[in-house]
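All chains are identified by letter, namely A, B and C, in their written order; residue positions are counted from 1 within each chain.
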Amino acid sequence: MTLNMGPQHPSTHGVLRVVLKLDGETVIDLDCDVGYLHRGMEKIAENRMYTMIAPYWDRLDYIAAVSNGLVWVETVEQMMGLEVPRRAHYIRTILTELNRIASHLLWLGTHAMDIGAITVLLWAFREREEILKIFERQFGSRLTCHAWRVGGMPNDAYDGFVEDCKRFTDYFPKRLDEYETVLSENRIWLSRTVGIGVISGEDAVAIGLSGPALRGSGVAWDIRKARPYAAYAEMDFDVPLGENGDTYDRYLVRMEEMRQSRRIVKQALENLPDGPVNAKVPKLIKPPAGDYYHSIEAPKGELGCYLVSDGTQQPWRVRVRPPSFINLQALRQMSIGHLVADVVAIIGTLDIVLGEIDR
Amino acid sequence: MPLVPVPKPTFSQKLKRFFMVDLLKGMAVTLGFNVGALTDKDGVAGKGIYTEQYPKVRPDVAPRFHGAPRLNMDPETHETLCIACNLCALACPEDCIDVIPMDVEVVVAGKARRKKVLDEFIFDTSRCMFCALCQEACPTYCLELTQDFELATYSRAGFVWNREMLEQGRETVKYES
Amino acid sequence: MFAFAAPTFIDSLLLKFFSEQTVNYVIWPFIQIGLVVVITTGWVAYATYLERKISAFMQARLGPMRVGPWGLLQPIADGLKLLTKEDFIPENADRWIFFVAPYIAVVAAFIVMAVVPFGPDWAVITDVNIGVLFVLAVSSVGVLALILAGWSSNSKYALLGALRSSAQMVSYEVSMGLAIIGALMFARTLSLSGIVSAQASNSIWFVFYQPIGLVIFLISGIAENNRAPFDLPEAESELVAGFHTEYSGFRWSLFFMAEYAAMVVVTAVATTLYLGGWYFPLVYRFTEAKGFHHAYVVISLIVFLAKAGLLLYLYFWLRWTLPRFRYDQLMDLGWKWLLPAALINIVVTAIGITVIQGLHNPAGLRTIKSLSAGLGLTLTGTVIAIAIGVANLFITGGLLSLINWRARDFNLKKQRRQIRLVDLPKGKPAVVPVSPESAT
């Protein structure tokens, strides 16, 4: 029997169409149909100036807009050889890690809701709301922030930034403990997630997975450690690794990543240097002709930006390496042999955002 | 893929499993929230209620919020600060802004000169993505994004604002509770 | 024969117009039925409101607040909305069955209220001798409504959802029925009022003799009602709402009401069987013994509603805390865990009662006090019975582990792994940070 989990579906986290071939209840084949959210961002970028492209980049992974902005401005800065001041690096790190916590909270809420624990969604959104308030006070927008400019930041940290972030880091571990009490040892949660959606480390590397999906299978790769950007070279944090590559391991990895992000924010707040937040940037931004690839560890995985410049004010070609699109390729391998109800859990554990997949 | 080998459960683990301790611990958290909703006042770090009852209670909007655009006027002379330099229109990624200048005759130091002033300013808020590039581009702090976010209108034409609407700002109908 | 003391002035008013037989057997029952239907419908409607409020408080939000003070008029607004919605029937649907299915569901849920003893005297509509059998039989009719609804919707997915829901309900009815038998052994009667009298005369709630019986009954009841954590058929599975996908407006609200009425039925029956029904210690001493008969009945009614309300809170609490089971895990739980547990419960309870009867020796150890209202036990007997109840828990636990020791889910908890935290070697920074001196 062929079953269509159509574009409008409460559990596919966006407009994703999954065509399942079922034998009774067991999935024997799976095909994804994407493109329902395609907005032509890479084409739009060919006709805009470099500073104008940054607001569009927020709309890629709209849940974690701050990291999208970061990959764009860092690519342009590195291509042009600009040196961003240290204070800007630190503030970028703090806000990008808060953004990671916000994205993981939304993942937790929606994943738990798909499996049935609806209350966790509301609690996760309450924490996320506090982070979005910090974003609103700093950048002016909650969701699609247009956070960074080429060369640094548009405004320095607002008065009360350090206090707000400290207050958040103070009470946040208690909330994580509450989520873990409700979910991590719950036998129903274990029955729904242990052994579901298993992918081995070799297969993960072969497909090109990145982010928590890769680390849940035991592969130790984190771009914040391997190729540090912003202020991560000076930060002290651990990287959680799973063992079995199933849904439960990825859940534990992401929960621990939230704790490590909090640790990074605390360190950066304590060591926040003074100074300017902007480098000297030429009036018209024209990177030298050539191509450049830069990637960061976005909450969903390795978010990369391949920029081909022809020396003019508008790029020749921009290509986004979307982590969710590449992670989605694993869906087929992970779902075959499981039941229909597990497909929903597996889509949740891959943490996909259609904005990034379809661009 | 084989799972990790399982150690045999101890007696206390068996007891906990039979008496559903893991489920009861989760239920204790929810009960704590239920009781806290009635007793705890702190919704942010405690177990109280977090809801802001929006139309009755005006929301707390940050000063830097990217909201509805406004053309500022000089507080003393009540003339517009806009000098029709067109920088905002050039900075906008979406081509929402249309600045229409006109030439007027002014007398400067006894000689008649032509000065460019603002005639009409069209801002299409339906295309705007509130990125604030225009606000950053404006050299005289004339174009500003305010804290107003209630921009709904009944027609598409209502989204296109002209100079008068931009200068006076919007009348928000306050909710009568 | 029953005798009830009705409010005398209404009685005397009616006796002016009708014969005594008519008043006692026709008019008063109709008044009782009317009261129970009104109270149950109101209780069901406000159960939806309570669910929204309680779930909201658990989620740190407020719930309905607009319609009326604190949102108290919300169920009325919902009812009005559903009444005014467009009523459409799918194109090739079987019209008459489509019409009839919701009504069957509602009727099956409401009829059970006729035998539930809300209070001691006139607060029960009728006391059928085989009350328990009646309850089980009538609530099974609700499954029929489910299947009819799924079939008549003429939609492949609604049919599949209906079949799965009905298979789930039927599986859990088996364990529900078997779990009741333990309590019946102590009550020695099938009539629900008799069961409550057995608990009242012996000043004990059967939950102390049969803790596992209550647990099995409640879990089976929750699964029977398709409520979380057992609500996969109506949550997400084939992406539709199960059997009531094609229903809208008033018909859908009938299914909704039937679900909540079934919840109320299960809580009421559980209260009657295990939590002592309307019995609460000391109430008799302060009211009936002093002659306040109607106060006794009314207070007992309130006690019953409070106990049923607590069980209803348990329903909401479980729904909003726990994730849901997958369908095969659900059926696994019903057939491999609850059914053996119920059977073991029957055997152990039977052995226990035999032991108690065997120990009863009028010359020495007295365990049985009387057999008029249930199994009346002396203090010694009660202590032995409670000890057997607690031992039953451990015996059941041990035997269930033995039965399921090969099941994958059983050992999952020990498969919980700790994730490793590694500090990876740092690479070279991509961008060389500006040194502090040149930053100023």
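Criterion: contacts are C-beta pairs under 8 Å (C-beta built on N, C-alpha and C of every residue); 3 or more make two chains touch, one makes a residue touch a chain.
Bear in mind that the values here come from a model prediction, so they are computed numbers and not experimental data.
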{"item": "Chain centroid nearest the full-protein CA centroid", "value": "A"}
{"item": "Chain at maximum distance from subunit A, centres defined as averaged CA atoms", "value": "C"}
{"item": "Averaged-CA centre spacing for the pair subunit C and subunit A, given as whole angstrom", "value": "44"}
{"item": "For subunit A paired with subunit B, centre-to-centre distance based on mean C-alpha positions, whole Å", "value": "23"}
{"item": "CA centroid of subunit B to CA centroid of subunit C, Å", "value": "48"}
{"item": "Set of subunit C residues in contact with two or more other chains", "value": "58-61, 320-322, 413, 415, 417"}
{"item": "Residue list for subunit B, restricted to those that touch at least two other chains", "value": "3-4, 17, 22-23, 26, 29-30, 33, 43, 50"}
{"item": "Residues of subunit A touching at least two other chains", "value": "119, 126, 182-183, 185-188, 194-195, 243-244"}
{"item": "Sites on subunit B touched by subunit A in the complex", "value": "1, 3-4, 17, 20, 22-23, 25-26, 28-30, 33, 43-45, 50, 61-66, 91-93, 129-133, 136, 145"}
{"item": "Subunit C residues touching subunit B - in the complex, by the definition given at the top", "value": "54, 56-62, 65, 317-318, 320-322, 393, 397, 400-401, 411, 413-415, 417"}
{"item": "Touching residues (chain side subunit B, partner subunit C) in the complex", "value": "3-4, 6-9, 13-15, 17-18, 22-23, 26-27, 29-31, 33-34, 37-38, 43, 47-51, 53"}
{"item": "Residues on subunit A engaged by subunit B in the complex (per definition of touch)", "value": "48, 51-56, 119, 126, 129-130, 133, 136-141, 144, 146, 154-155, 158, 167, 170-171, 174, 178, 181-183, 185-188, 194-195, 198, 200, 243-245"}
{"item": "Partner subunit A, residues of subunit C touching it in the complex", "value": "55, 58-61, 228-229, 231-232, 235-239, 320-329, 408-409, 412-413, 415-417, 419-434, 436, 439-440"}
